[in-house]
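The first chain written gets the first letter, and so on, giving A, B, C, D, E and F; residue counts start at 1 in each chain.
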Amino acid sequence: MKLLLVNPNTTSAITDRLMAAALQAAAPGTEITRVTAKTGVPYISTRTEEAIAAVAVLEILADQGGAYDGAIIAAFGDPGLLAAKELFDFPVVGLAEASMLAACALGRRFGIVTFAQALGDWYGDSVRRDRLEVRCAGIRALDEPFAAVADVQSEKQDKLVELALASVERDGADVVILAGAPLAGLAPLVADRIPVPLVDCCAAAVVQLEAAVRLAPRKATAGSGKRPAFKPSVGLAPGLAKRLAGDT
Amino acid sequence: MKLLLVNPNTTSAITDRLMAAALQAAAPGTEITRVTAKTGVPYISTRTEEAIAAVAVLEILADQGGAYDGAIIAAFGDPGLLAAKELFDFPVVGLAEASMLAACALGRRFGIVTFAQALGDWYGDSVRRDRLEVRCAGIRALDEPFAAVADVQSEKQDKLVELALASVERDGADVVILAGAPLAGLAPLVADRIPVPLVDCCAAAVVQLEAAVRLAPRKATAGSGKRPAFKPSVGLAPGLAKRLAGDT
Amino acid sequence: MKLLLVNPNTTSAITDRLMAAALQAAAPGTEITRVTAKTGVPYISTRTEEAIAAVAVLEILADQGGAYDGAIIAAFGDPGLLAAKELFDFPVVGLAEASMLAACALGRRFGIVTFAQALGDWYGDSVRRDRLEVRCAGIRALDEPFAAVADVQSEKQDKLVELALASVERDGADVVILAGAPLAGLAPLVADRIPVPLVDCCAAAVVQLEAAVRLAPRKATAGSGKRPAFKPSVGLAPGLAKRLAGDT
Amino acid sequence: MKLLLVNPNTTSAITDRLMAAALQAAAPGTEITRVTAKTGVPYISTRTEEAIAAVAVLEILADQGGAYDGAIIAAFGDPGLLAAKELFDFPVVGLAEASMLAACALGRRFGIVTFAQALGDWYGDSVRRDRLEVRCAGIRALDEPFAAVADVQSEKQDKLVELALASVERDGADVVILAGAPLAGLAPLVADRIPVPLVDCCAAAVVQLEAAVRLAPRKATAGSGKRPAFKPSVGLAPGLAKRLAGDT
Amino acid sequence: MKLLLVNPNTTSAITDRLMAAALQAAAPGTEITRVTAKTGVPYISTRTEEAIAAVAVLEILADQGGAYDGAIIAAFGDPGLLAAKELFDFPVVGLAEASMLAACALGRRFGIVTFAQALGDWYGDSVRRDRLEVRCAGIRALDEPFAAVADVQSEKQDKLVELALASVERDGADVVILAGAPLAGLAPLVADRIPVPLVDCCAAAVVQLEAAVRLAPRKATAGSGKRPAFKPSVGLAPGLAKRLAGDT
Amino acid sequence: MKLLLVNPNTTSAITDRLMAAALQAAAPGTEITRVTAKTGVPYISTRTEEAIAAVAVLEILADQGGAYDGAIIAAFGDPGLLAAKELFDFPVVGLAEASMLAACALGRRFGIVTFAQALGDWYGDSVRRDRLEVRCAGIRALDEPFAAVADVQSEKQDKLVELALASVERDGADVVILAGAPLAGLAPLVADRIPVPLVDCCAAAVVQLEAAVRLAPRKATAGSGKRPAFKPSVGLAPGLAKRLAGDT
C-alpha cells in the first residue's frame, strides 16, 4: 500500500516529525511518501491560513495523488479535506477527522490538547464539521510562548502532560488526542503519565487510512462525495485546472 | 456608506444581476461597487470550487476592501466568509449567512429553494456552519437542465415557484429563501404567488450589511474574530501576503 | 420609515433611555414614536411579568400599530413577540431576537450580560425560543443591589464591563450583548474597554427592524406566521378584541 | 386531595368533557373542582390566544388556587404554565406537559394527534419548550371542518383513529397522545383500534398532578421556580396584583 | 393495586430501605411486594454490573411479574428496563427514568446527586438513554469512602446536602434528584436544607408507576414496545426461556 | 496480530459467514479465531435478546479473551460492548460501532440497510448510543419473510440492493452500511450496483480493530473506560466472577 503524506504547512521540520510518527504506526508493507506545501505559511493556525492551505493541498493532490492508494492531509484542521474527498478517487483522511474517529472507538468522550491558544477555536471547527460536539469533552491549549514550533513537543512536554491530565480530571475525557502536526510522535513518549488512552494524531491518520484503503470503497457517483461536474476555470494551477475540467 | 460587492463566480452577467438587486434594496445614501472574481469557475457549486473561490475572495478583499465600509461575498455558500471576518477590519457578510439571519426574523422555520441539485448539499454546509439546522425546514432544488445560469431565474420561474410552494406546504417553511446569486432579484417578481415572506438573498445581504455597518462594531482583538498573528508566507498574491504579514 | 417603540415596562424613564439609543442608531429618514405600557410592572424580570406584559403589548399594537411601518417590543425577553408576529401585518422585532441575530453576524458565539440575577433565567428562554443555544456562550448577570433601574447602567458601569470581560475570557464569547432595556445606549460608552464587538440591544432592534421593513416581506397567509382565524372573544380590551374578530 | 381544573377556553361544554375524563382517571379520595375562563376565546389555538389565556389562568389561580393541593391548566398548549409554576406555591400541571411526560414512560417516541391544523404549530411550541423534540415522532392534525368543537371527538372519531394509525405506521410513534381539551375522554373509547398505548391528555394531567402532590415538593426559593420578588403593578386584576405584591 | 419492587442489587438491607421509602410514598390501597436479586453483585455501579443485573431482573420478572399490576426496577441506572418494557405486558418503571420524569414536572433543569464517583458516568447513560441531556444540570457525586453502602445516607448526610446545594448554586438545578437505591427515603429528611424541590428516587418510582397503572395503557403490538417474536433459546433460566418462547 | 471473533448469536452458520468476511478483510499477518455463543437465541433482534447476549459475550471474553490482542463482538447491535470495554484490557469493537466510524470517514451521512423490520429500532439504539444521529441518514429494513437467516443475503440480494438505492436517493445517504451479521460479505458482491461506498459490517470491524490494536492504547485507569473496582458476586459463571473479583 502506497500512501502520500501531505504537510500543508511549509515547514519541512514538521514534515520530518510527521513522517517519523507515520512510519512508526504503519503496517508492514505500507510505503509512505512525504510532500511539504510550497505555498502558504510556516504553520497554519487560523481560518484564513486554512483557506489558503486548502488550495495548496488540492494542487498537490491533483499533481501527485494519482500515484497513491490514499492520502493524508497532515494538519489537524484538515484544510481541503471535504473538497479533496469529492474531487479525487482515492481515500483521503485528515489528522483531525482520523484522530476523532479513532478516539471514538477508544472512549466515550475525547479531549483535545494542543500547544497554542490560537489553535483551539480553529480545531473546534473540525469537531463541529464532523458533528462530534457531544463526544468532545473540551479543547485545552498551552498559553505560553515557545521557541520553535517544530520542537514544541519536547520543550513543553511537561506542560502538555498537565493539560492532558486536566482534560481527564476536569473535563471528563476518557481518551485524549494530542493534536497538531508538531505533536506527532509525542503520544508514545508520555503514555505512562496519563491515565487514559492517548491518540497520536499522525498515527491515527495512518491506521485509519490503511483501514479505509483495505475496505476498498468505490468512488461515489451520487451523494455529496461524487466528483464535481467538469468545468472550465481561469487562473488556477494547471494540474488542478485539468482535474476540474475532467482532463485527468 | 460605501459597500463592496464581490462576486466570487467569474461570470459578469451574474454580477450584473446581483448589482441590480443590491441597488434596489439599498438605503438612500448607500453606494455599492461591484467586482467579479478573475480566478475560479463560472459558477461555484461544490466544496472544491468553494475552496478555490475562498482564496480569490480574500485576495480581492486584501487588494480593494480597505476603501469600503463593508463587503458582501455574493455567492450563497459564502466562500471565505469566516476567514474574511477574522482577517479584515470592516464587516463582511455572505449571501447565505445574511439570508438565513434575515429569514429567522421573518418566520420560525425557513426553506431554501435553489436551481440545481448540486447546490443543495453545499448550501447545507452553510446551514450547519451557522448552527441553524433547527430553523431550516429543508432545501429544495430544481432537477432539470437549463440554458444559461445567468438567466435561469426567468427560464425556470414557474418551477422555482412550485418548489417554494412545496417548501411551505410539505416542509412547513414559514419563510422561503430564494438562494444563489443567479436568483438575485427574483423575490419581488414572484412574491404574490407564494403565501409566506420571501427572502431575496442579495437584498438580504445588503440590508444586513447596512445594519452591521450602522452598529459600528469594533474589530475584535480577542476571540475567534480577532486578526491572525502576523506571519510570513510563500507564494501568495502580494496584497494577501502583505495583509498576512501585517504590512497593511 | 415610521417605527413604533413599545416599552412593555411601565417606567417612562426607561422609555427615555430606549428612545435616545434608538434615535442614535436610526438611519436618516427613520421616525420613531415611543409608547410606555400603562398596565403591568415597573420592570419585567420573570415569566409571570412577561405573561402580563405580552397582553399589554398586544393591546398597544392593536390600538396604535396600524399607523407604523414596523414595531419594536422594547424589553429584552420580547413579551408577546411571537403572538404579535402572527396577529399583525407589519414587521415586529424584540430586543432579544434582534440582538441575537445581530450578534450572530458579528461573531461565532455571543455572550449576554445583564444587570440582575433574576433576568438570567428568563433571558435564557429567549435563547431557547430562537433555538440559538449553540451560538450562546453564556449569560452573566450582576449580583448586587442598585439604586434605580433606570440609572443602573451608569451606577454599575465598571461592574458591567467586568462581566463583559468575563464573558469573553472565561465563556469564550466573540461578541457581547448588553441586554435589558435599562442598558440601552451603554454599548458605545464602553466599547473601547472590551476586546470584542458589543451589541446594544436597542440599537440592534432599530437596525434589524429597518432591515426587515426594507425587505418589505408580504404578510404570511400560510405557516406559523399567518393571522389567526377570526374569533369572538369575551372581556378583552376593545382594540384587541376587534383585531381578533377581524374587524380591523 | 383537592385539585382545581382550570379550563382556559371559555366554552363550558369543553369543561364538562374535561371534568368527566378527569373524574374517570382520579384516584379514590381525589376531589376535583372545575372552573371555566370568563375572559378569552371559545377555543385557544394560536400564540395570540395563548398569551391572552395565560393572564386569565393566572388571575383564576390567584383568586382560587390557594384552596387546593394542586391545579391543572386544561388546554393542551399549557397557557401560563411556567408563570404559574413560579408564582404559586402548589404544584401546577398542563395538559401538554403532563401528556408528554406520561408518554415518555410508555414508549420511546410519542406521536401527537389533534383535530385542527391550526393547533399543530402551537402544540409544537410545547414540545420545544420542554425540550422533548427528540422524543416526539411528529404531530398530525385533522384537515377538515367540523360542526362543534365540543363534539369533534365523536363526529370525527374514525378520522382521528386514522391519524393515530398513521402516527404509528408512518412516523414511528410508540405511544400516541390524543391532544386538545375537546379530545378528553376519547382514548379509552378507541384504545382497541390502535396498536400502541394511547395517552388521554386530561387523564394524564390528573395522574401526573396526583403524583406531584404526593411527592410533596417544597416551594423553590432558588432557581427558576422561585416566586418573583414582590412588585407593585398597575391595572391588573386585584387578586393577581396582590399576589405580585406579596399581599397573598 | 399490587406492585412488585425488584432490587437488582443482592444486598437485602438496601431492599429494606427501598421498601420503607416506597410504602411512605404509596397511595392508600397500593400493596408493594419486595424481591432481592439472587445473582449479581452487592451494589451495581458500572456498565458491566448493569449488564449482569439486567438478565437477573428479566428472570425475576418472568418468574414473578405476572401476578402484579406493575413493577419497579429499583436501581438508579434501570438495568433491563427497556428490555422489560418490551417483554412484559404490565408497566415497568426504573428509578432513574421515574425520577427524571418526575423532576421534569417540578423544574426546568434537574441535578443528580449521588454517593460515589463511579456511579456518575453510569447514571449519565440513563440521562442520555432518555434523551434528557438538555434538562440535566449535571451530576455530582461524593468523592470519599464510606463504611457501608446501606447506611451511606445517614453517614454522609451533610456531604450529600452540600452536593445538592452545589447543584443548585453552581450548576443551576431547579430540582435535585437524590439518586441511587441506598439514598431512598433521604429526601424528606433533608428537604428543609435545600432551596429547591427534591426528588426521592424510590418515591418517584412508586408514584410514577401508580400513575402509569391508572392510565391502563394497552400492551403495544406495534412499535418498539411490542413483545419480541417468539424464539427458542439455549441455556437460559426456565421462566425467561418460556417467556421468550411464548409459552407464558 | 491475534483477534477473537465472538458471534453472540447461537447459529454457527452465521459465524461461518462472519469468518469468511473477516478473513477477506484482514491484513497479512492477522490471525482470527471464531467462537459461537452457547447460550442465547439463534438470532438477536430485540433489546431483550441483546441483554441476554451481553452476558454471554462477557462470559466468553472472560474465559478466552486474554489470549488475544483484541476482540470483535460480531452482532450489529454490539451486545455487551460498553461493558466489555471497561472490563477487559484488550481493545474490543462491535459491528455497529466499527461500521459507523468507518462510514463517517467515507461520507458525510450514512444509511443503514438491514434484512428485518424488527432490527431497525434496535439498531437505532446503537446510533443513539454513539451520538451519531446527525450523521445517520436513516435505517431501511426488508419487510418480508425469508427462508433462513444465514442465507438471507443471497435470497434477498436484489431487495437489499433496492433498499440501498433508496437510502441514497431518498434519504440522502453518502455511504451505506449493510448491517447485521448475516449480511457479512455481501458488500463486495453488490458494490457495482450502488453509486456510493458500501460498508461491510464485518470487514469494518476487522480493519477498525486492527487499527485500534496498532495504536496500542493503554488501558484506562481513569474515566469511563477504567476497570470496575473489584467486587464479590453470586451466581455468575466462574470466569466472569473471577474477572469481577480481580482474580484474573
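As a convention for this text, contacts are C-beta pairs under 8 Å (C-beta built on N, C-alpha and C of every residue); 3 or more make two chains touch, one makes a residue touch a chain.
No experiment lies behind these values; they were computed from the predicted model shown.
Engineer: Among the listed pairs A-B, D-E or B-C, choose the one whose interface is a repeat of E-F, with over half of the contact pairs the same by residue number.
Structural biologist: The chain pair with the recurring interface is A-B.
Engineer: Comparing centres built from CA atoms, which chain ends up most distant from chain C?
Structural biologist: Looking at centroid distances, F is the chain farthest away.
Engineer: With chain centres taken as the means of their Cα atoms, state the distance from chain C to chain F in Å.
Structural biologist: Taking the average C-alpha coordinate of chain C and of chain F, the gap between them is 52 Å.
Engineer: Centroid from C-alpha atoms only, then distance chain A to chain F, rounded to Å. What do you get?
Structural biologist: Computed value for the inter-centroid distance: 27 Å.
Engineer: What whole-number Å value describes the gap between the mean CA coordinates of chain A and chain C?
Structural biologist: So the centre of chain A lies 44 Å away from the centre of chain C.
Engineer: Where in chain E do residues touch two or more of the other chains?
Structural biologist: Only 82, 108, 121, 131, 223-224 qualify.
Engineer: Which positions of chain F touch chain E when the two form their complex?
Structural biologist: 10, 38-43, 45-52, 54-55, 58, 80, 82-84, 86-87, 118, 121, 128-129, 131, 223-224, 228-229, 231-236, 240, 244
Engineer: For chain A, which residues are in contact with chain F within the complex?
Structural biologist: 25, 27-29, 82, 91, 93, 97-98, 101-102, 104-109, 130-132, 134-135, 168-169, 172-175, 191-192, 195-200, 203-204, 207-208, 210-212, 214-226
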